[in-house]
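Pasting the structures here.
Next come two complexes, and both contain chain A; in the first it sits with chain B, in the second with chain C.
Now for the complex of A and B:
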């Protein structure tokens, strides 16, 4: 297949599946809480709606930074799709993209001049401390397999079996990290409803559409990376089942857990990281 | 060019005397990202923060003064360029120099703000960054002593890891953590980020996280898998 076609198809798949999984999450959460909930396609409808809405820009915003930051978010997650499913490139690069996502999340909030965005920005700085598991996961995977290449990791697991069994605590740390990116999660402090919509509060119309599209692709990519890195060579139906199962588990946790206070959220993630790092190194050395 | 770093093929190198820049898919992306953000920061205005007035119903607009804006923008551009350099350098000593430079300009970016709380946070950050320069350069020196080279390409081709290299790596990590103000030194940064000037704050955060990801790459090159 032509490379450009391959990229385009993968980006479209990532957007639609990511959006449907977000919709599924909201549906499951609603049912657990005794509500009918929105239809599963609601997130897709929302995204398309924002693309045809009138765009407005706050007069307090830092221009053109305020607009560029949204474009950046879209570009980095399209790049992640290219590095991951399309080319099977460097895992380190995907984590680099995730780091840039943190920066964009932080500055999308502060660039508008809104106090809610600013609070989200300060929380994003705090929550950077919770990214320790991210780097620990990378180190543990490399020490176990000797490669940072996604294709190399798949080949390793073809021979040695899924990494999920070899380094389960690293998988747990990564799962907690994915959970922190889910809307309504106990760790989603940057988008807590106590600060309206956090960094998205002052993004309207087209810009909001791009933010929502990027978030759907980001969700798909995080699940894809988890399944690829910890389960190895799996077929497309298994990918789909894995993504649905993970999204459902996270929906269940989100529905039954309140949003944590920022300090508690960070400390909880750091505690998971400490247990994961010490335990994983102990397992590697045994 | 048949050199592989952490499973990725090197795309090319730029030799400038004893300074060698190299590009893999990872380094190239990080370098381009740092430059792109620097360009955006260079052309952007700052936001206006709207705060509620105490005891009244009015709003108060907090802006960045022109003189302050100019010096902070200049330092932000230097910070962006130093970060971009740290992404592609193939020399461990150059990497520590780039990291040190980002630490210095980051302090300058917030030190130019005329708010007591922000200046206090910048002062605390300055102390941490100054103290962190010892383990930063000490770590690089230990790795040089243990391997006989500062070239990352040479270190990558080694097949062993000695205890001295592990100690050097730990010191290097502590040094970078202090210079960039990441956990557990991040608390002062959150205070600094309450001030207006979003594009400048972006570059502080950008430099910290990108350098940290790059450091992970360097540490994995120094410390071989079990």
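Now for the complex of A and C:
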């Protein structure tokens, strides 16, 4: 298949599946909390709605940064799709993309001039201190398999079995990292409802549509990386089932857990990172 | 080709859900309280689940991609109805289809 066609198809699949999983997550959370909840396609409808809404720009916005940051968020997650499902490239690039995502969260918040955005911007830096160490998972994977290449990891697991059983604490760390990106999660301090919608609060219309679209792709990609790195060679239906199961587990956690305050959120994630890193190296040495 | 088929299934699910939502809001003006089973939705759910899960039964006549796409569209129409509606119909449709699948594939 033509490379461009392949990229386009994978990006569209990533957007739709990511959005449907967000919708499913909200539905499950609502049912747990005794509410009927929105339809599963609500997130998709919501995203499309923003594309036909008027785009307003706050007077306090730092132009052109305020606009460029949304384009950057879209580009990095499209790049993640190219590195991941399309080419099976390096995990280090995914790490780089995630690090840029944190910078985008920071700058989207600060460029709008909104006090909510600024709080989110500060929290993005604060949470990066805890989320980035969770990516130490990559080092553990490298020590275990000797490769950082996604295709190489799939081949390794074809021979040696899923990494989930070999380095479970690394999988737990990555799961916590994914959870920090889920809306309404106890660790989602950059978009906590105490600061309205965090860094997205002052992005309206088209720009908000692009932000939401990128977040859906990001959610799909994080789950895709988890399933690929820890379960190995699996078919598309198994990917779908895995993503639904993981989103459901996270929805259950989100529905039953309050949003932690930034200090508690960071300390809890750092604790997970500490246990995961030390425990994984201990397991590797045994 | 594999990716394209899955993209078609996803689009079919999304379009079906939107149609189900719009049509159910036109058909039902009240929230889901009476808990009746809608006969039309039940037929759509049964046909949809059978087409989606048991596409191998008619694969000699119609391509599985087409049957699964139509099946997912019908499933989504029922599943995507306004909150509460379509729930029982989906469960019944899935149960009947699963029984047929077990009867034809496993036994």
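Remarks
Operating definition for what follows: the second predicted complex is superposed on the first by the 282 of 286 C-alpha atoms of A that agree within 3 Å, B and C clash if a C-alpha of one lies under 4 Å from a C-alpha of the other, contacts with A are read in each partner's own complex, and residues count from 1 in each chain.
In this section, a contact is a pair of C-beta atoms (placed from the backbone, for glycine too) under 8 Å apart; a residue touches a chain by one contact, two chains touch by 3 or more.
Treat the numbers as computed from the prediction; the structure is a model and nothing was measured.
Of the two partner chains placed by the overlay, only chain C lies in contact with A:36; chain B stays clear of it. In the superposition on chain A, A:17 makes contact with chain C only, while chain B stays out of contact range.
Contacts of A:45 after superposition on the shared chain: chain C is touched, whereas chain B is not. In the overlay built on the shared chain, the residue A:113 is in contact with chain B alone; chain C does not reach it. Judged by the touch definition given at the top, the superposed model places A:285 against chain B, while chain C stays out of reach.
More residues of chain A lie in touch with B than with the remaining chain of the pair chain B and chain C. With both structures placed on the common chain, the touch criterion links A:9 to chain C but leaves chain B unconnected.
With both structures placed on the common chain, the touch criterion links A:122 to chain B but leaves chain C unconnected. Applying the stated contact rule after C-alpha superposition, one finds that A:66 touches chain B and leaves chain C untouched. Of all the residues in chain A, the ones that touch chain C in their complex are 1, 6, 9-10, 12-13, 16-17, 20, 36-37, 39-41, 44-45, 236.
Remark: chain B residues 6-8, 24-26, 29-30, 33, 36-37, 40-41, 43-51, 61, 182-184, 186, 189-190, 193-194, 196, 198-199, 201-202, 205-206, 208-210, 212-213, 216-217, 219-220, 223, 225-226 touch chain A in the complex. Listed in rising order, the residues of chain C touching chain A in the complex are 1-4, 6-7, 10-11, 13-14, 17-18, 21, 31-32, 79-80, 82-84. Against chain B, in their complex, chain A makes its touches with residues 59-66, 68-69, 72, 76, 79, 83, 89-90, 92-93, 95-97, 99-100, 102-103, 106-107, 110-115, 118, 121-122, 125-126, 128-129, 131-132, 135, 138-139, 142-149, 152, 270, 284-285.
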